[in-house]
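Labels A, B and C are assigned to the chains in the order they are written; within every chain, residues are numbered from 1.
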Amino acid sequence: MEEKGAQINDSELNSEVGKTVESAEKKPGRKRKRISFSALIASMPMMLVAVGLFVICVGYSILLSFTKSRSFPRFNWIGLDQYERLWNTERWLVSVENMFIYGVLFVVICLVSGFVMAVFLDQKVRFESGFRTLFLYPYAMSLVVTGLVWQWMMEPSLGIQNVIQKLGWAGFEFAPLVDPEIAIYGVLVAAVWQASGLVMVLMLAGLRGIDMDIWKASRVDGISTWRTYLFIILPMMRPVIVTSLVLLAVGVVRVYDLIVAQTGGGPGIATEMPAKFVIDHITVRNNVGLGMAAATMMLLPVLAVIGPWIYREYVSPRKRS
Amino acid sequence: MKKTTGKQLITLAVSAALATSVSQAAEVEVIHWWTSGGEQKAVTVFANEFDKLGADKWADTAIAGGENARSVTMQRILGGDAPAAAQFNLSRQFEELIEEELLLDLSPIAEKEGWKDFVRPGNLLAPCVKDGGVYCVPVNIHSSQWIWTNKDVFKKAGVAEPETWEDFLKVAPKIRDAGFIPLALGGQGWQERLTFDVIMIGITDKPFWQKIWKDRDLNLASGSKMLEVFKTFGALRQHIDGGAPGRNWNDATNMVITGKAAAQVMGDWARGEFAAAGQVAEQDYGCIPGPSLRPFLTIGGDAFIFPKQEDPAVEKAQLKMASMMLNQQVQAKFNNAKGSLPVRDDVDVSLADACMKKGLALLKDEDSVIKPANTYLTPDADGQIQDLVSTFWNTPAMSPENAQKQFVSILKYAD
Amino acid sequence: MGSKPQTSLLKRSMGLDNPWGPRPIKTSPARMGVYGFLIVAALFFCIPLYVMVITSLKGMPEIRLGELFALPNDPTVAAWLKAWAEACTGVQCNGIKEGFWNSIKITVPSVMVSIVIGSINGYALSFWRSRGANLIFGLLLFGAFVPFQVVIFPLIIFTREMGMYGTLPGIVFIHTAFGMPIMTLLFRNYFSSLPEELFKAARVDGAGFWQIFFQIMMPMAIPITIVAVILQTTGIWNDFLLGLIFAGRENLPMTVQLNNIVTTTFGVREYNVNMAATILTALVPLVVYLASGKYFVRGIAAGAVKG
C-alpha cells in the first residue's frame, strides 16, 4: 500500500507516526523531548504488562514444565521428562491434530464466508443494518452458550436431524457430534456461527474503505463485478484480512470453552484440543508439570506464525517512500 | 494539568489496590458442587444445622461441576484466600494439601468423639488420615457397581434380568429383537470409565481389584483375565444406541425409566431419578449389584477438608462444623435428602427403599467392600486410564490387546 | 503498510452508511439471488436464538416431546421468572439476579480502566516508536495469544503478593491486563490514522502530550472507543473462570450462577430454565450490540481495519 504523502515527511514538526526517537532527536527541541518522556511514562502500564505478564509469567510457566510439579508449582527438576511423556500421549497427539484441522478450516471458512457476506451486503441492499445485526449478534454470545445451543441442535433424537426426519426425509443425517470421525466438524459449525459475523463486519468496513475511483476505473476497463472483487479489491484489503486472521487465530489457539460446553472432548478423545489438555492437567489431573510442558509447546506455533508477522509489521523500521 | 491527571490515575490505582474486603469473623465459607435439586436439599441440611449451633454462619459458595469447584479451591488456597471448608471426593485429590500442611488437623475432635469407632466401613477414613493426623471428614457413601433395569421391558422381551455380565451379553440380542435398546449409556469419559470398572470387578474379584489398582501387579495386568475385561467391555459397544456420545447420565437413566432402554450401569445416585419419576424399587425398576454372583461395592463418597485459617474464631467454627457433619441426626437427615448412605452404622435408615437396603446389607460385610481406583491412583494416572478406556470404547478398530498394552504401561509409570 | 491520504478517512467516517460498492442493478435475477443468499444466511444465524427463545417459553412436558422448532402451545414466562429470581444455586435460591450486580460491579470499572489504559498506550505508541517500544508492543501482541490458564499460577502469586487476590481491584487488574493487547492495538492503529494537521496545530499552540491526548485525541476517538467498549463489555461480561478465580466470594459474576443452573451434573435438567437463564445472562452484551451495531461497523472501519 501507498506510504504517507510526501508533504508529511517534509513537515517541520516531524511528529509523523513511524518515526523513531533517533530521527526526532535530529531536530531537537524542548517540547519534543518532553513529549517523548511523557510518552514513555504513558506506555509504562503497557511495558509492565508486556514484560511482567507475558515475559516473566510465561517464563515462569515454562520453567515449571521442567519440574515434577503436581497440584502446586514446585521446583523439583526432572529435565525433559514431561516433554517425553507428552509426545507419547495419544490424547495430546489427537489434540494437536485437531487444532490443525479445526484451525485451518475455521480460519478459511470464516474469512471466505465473512468476505462473501460482506460483498453481498455491499450491494446497496435494503435492511442492511438488520442483516448486519443478525450476522453479528452471535459474537455477543459466550462460547459456552454457543456450545450448549449447538450441542442441543445436533442431538440426534431431539435436534435438527429428528425434525427433518419427521418432515418425511427419513434418511436425513445431521448429528456429527456422535461420530468420532466427524465430531470435530460439528464443533467447527458452532465456531463459524459465532465468529464469522465479526469477520463480515471487518470485511464490510474494509470494502467501504476502498476508493470509489477503483470502481470507476474497473468499470471503464469493462472488468466484471466479481472479477473486480476477487482480483482488485481483495488484494487491496490485506490489512483487514490480517486483522481478521489475528483475531481468528487467537480464538483457535485458545479454544476451550466451546469444547467443554459442546462435546467435553468426546466422543472418546475425538474433539480434544491443546488448551483443554493444558487446563485439565493443571487442574483436575493435578499435573502442573505436564500441563506446562503442553502449554510451552502451544506457544511454539504461536511464535512461529505470529513472530515474523509482528516483526515485519511492528518491529522492523519502516521503509521511507 | 497533564501531571495531575497522571498522578490522579496512579493515586486511584493505589487506593483501589489497598481497599480490601473485610471478612466477618466466624463466617465459615464452604465451597461445594452440590447444585442440583436433591443435592441442594442435602447441603441445606448442613447449612441449617450449622447455623443452629450458635453465632457462626455457613457462607455458601456453590460452584457447579466437581472439577471447577476443586480447582477453585486449589487456586484460592494458592492465592492465600482459602475457603474455610471445601468439598472433595474421598480420594487422593487433596493429598498434596495434606503434605504441604495446608489443612487443619481435626484429630483433637476426631479422638474426642471417637470417629474411628463409628465411621464405617472401617477403612473409609483412610484417605483422611496421614501420620496420625485427620484431615478430612467423609460425609456420605456412594457405590458405583449397580445395573438399573426396567422390569417391564425385560418382561416384554421375555428374558430374565441378568445376574452376571455373561447373562447380560446373552440376553441383550433378544432385548434388541424385541425393539428395545439393551443398554442405555451416557457416552462421556467418566461414564465409560465407570462401566469399565464395574465390568472389571464384576468378572473378577476383590484380590484381583486390589492387585491391579493398589499393588499395580503388571503380570496380572498383562494377563488373560485383564484381556477378558477389555473384551467384555468392547462387546458391550453393539448393545447401545447411536445417540450415546455426550449424553448425560440422567438422560440415560430416563431412557430406562421411559422404557426405551432395558438397563443402565450407574452408581446408586441413579435411584434418585427413579424415585423422582414416581417409580418404586423392585416393582417398576430393578437394581442389581454387580452384576455378579459375588457382588462387591466400592465405597466412594464426598468429604470435606478444612484449610488452615489465621482467625482462631474461624478455626473453632471449623472444628464445630466437622463435628456437626458426622453428628448422628445430621447424618440421617443429610443422607436421606442426598440419597446416599450414611458413613456411620448407628443411623436411622428406616426410610431406605429396597435398593438402598441391598446396598446397606452388602456394606455390613467388610469383605464385599472395595475402594475405588482413585483412592489408589493419583488423579493424573487415574485420568490417563479414563482417557484410554474412553478411546478404546469409541474406537472399535482398536484391539483389546493393544488397549491392554497401553493399560499396563500407564500402571507401570503411575505413582 | 501505511495509510491512505487523510482526507479519505474523514470522508469515510462521515459517510460510512453510503456503500461505496458497485452501482446496484435495480431488479434482476441477480438481485433476487443477493437477497436469497442473505436470507438463507440470516436463517442460519437466527435458528439458535429462535430455538433458545421458544424453548424458554415452553413447559418441560412440551420440551420432552422433542419438537425443537415448534412454537410453544401454551407460552409461559414461568421459566424466566424462575431463572431470574428462584432457581437454586447451592443453599441460596435467588436465581441469577444475585450475580447481576456483581457482574456490573466487575464489568464497568474493568471496561473503563482497560480502555483508559489501552488508549493512553495506543496514543503513546502512535508517536513514540523506538525499536524498544515496538518490541514491547510485539510482546504484548504475542500475549494476546497466550491462553490465560498458562499464566494462572504466577498471576495468583502476584496478586496475592500485591494484596489484591480475591478482591474487586484484583479482578479489574486481571481484566485490564488481559484486555491490554487488543485495546492497545485498536487505539494505536486509530491514532496513527488520524490526520496529522490536528496534532500539528495543537503543537503550535503549545499543547503538551497529555493536553493533546485529553483535549484533542480522546474526543476524536469516540468511534474506536465504542468498538473498544463493545469488545470489552462482551468479553468481560461473558467471562467465567477469571471471575471465579480472582474476584473473590463477594463479587462472583453472574456467569457463575448461570453455570450452576445450567451444568448441573445430577438431577433433572430444566431446559426451559436453562435457556431463560442463558438469554438473561447474554442480554447485556446483546443490548450493547443492538444499540451500537452501526457505530461498531463505523468504528472498526476507522480503526481496526488499518494496519
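The rule is simple: contacts are C-beta pairs under 8 Å (C-beta built on N, C-alpha and C of every residue); 3 or more make two chains touch, one makes a residue touch a chain.
Here the structure is a predicted model, which is why all the values come from computation and not from measurement.
Colleague: Edges wherever two chains touch, nodes for the chains themselves; is that graph a line, a ring, a star, complete, or other here?
Modeller: complete
Colleague: Count the C-beta pairs in contact for A-B and for A-C, then report the pair with the higher count.
Modeller: Counting C-beta pairs in contact, A-C comes out ahead.
Colleague: Can you work out the whole-Å distance between the CA centroids of chain B and chain C?
Modeller: 38
Colleague: Could you give the separation in Å between the centres of chain A and chain B, each centre being the mean of its C-alpha atoms?
Modeller: For chain A versus chain B, the centre distance works out to 38 Å.
Colleague: Measuring centre to centre with CA averages, how many angstrom lie between chain A and chain C?
Modeller: 15
Colleague: Which residue numbers or ranges of chain A touch two or more of the other chains?
Modeller: Expected reply: 38, 42, 72, 157.
Colleague: Going through chain B residue by residue, note those that touch at least 2 other chains and give them in order.
Modeller: 2, 6, 78
Colleague: Residues of chain C that touch two or more other chains: which are they?
Modeller: Each of 152-153, 157, 208-210, 259, 262 in chain C touches at least two other chains.
Colleague: Applying the document's contact rule, which stretches of chain A touch chain B when the two form their complex?
Modeller: Spelled out, the residues of chain A in touch with chain B are 38, 41-42, 70-72, 85, 89-91, 151, 155-157, 175, 177-180, 183, 263-270, 280-281, 283-287, 290.
Colleague: Which residues of chain C touch chain A in their complex?
Modeller: Chain C residues touching chain A: 1-5, 8, 12, 16, 19-24, 31, 34-35, 37-38, 41-42, 44-49, 51-52, 66-69, 117, 120-121, 123-131, 133-147, 149-155, 157-158, 177, 180, 184, 191-192, 196, 199-200, 203-204, 206, 208-210, 213, 234, 238, 240, 255, 259, 262, 271, 274, 278, 281-282, 285-286, 288-290, 293-294, 296-298, 300-301, 304-307.
Colleague: With touch defined as at the start, can you tell me which chain C residues reach chain B in the complex?
Modeller: 88-93, 116, 152-153, 156-157, 159-160, 162-169, 172-173, 208-211, 214, 244-246, 248-250, 252, 256, 259-269
Colleague: In the complex formed with chain C, which residues of chain B make contact?
Modeller: Those residues of chain B that touch chain C are 1-3, 5-6, 9, 16-21, 29, 32-40, 43-44, 47, 58-66, 68, 72, 75-76, 78-81, 83, 248-251, 269, 272-273, 276.
Colleague: Which of the residues in chain B end up touching chain A in this complex?
Modeller: 2, 6, 67, 70-71, 74, 78, 93, 96-97, 100, 187-189, 192, 242-246, 378-380, 383-384, 387-388, 390-391, 393-395, 406, 413
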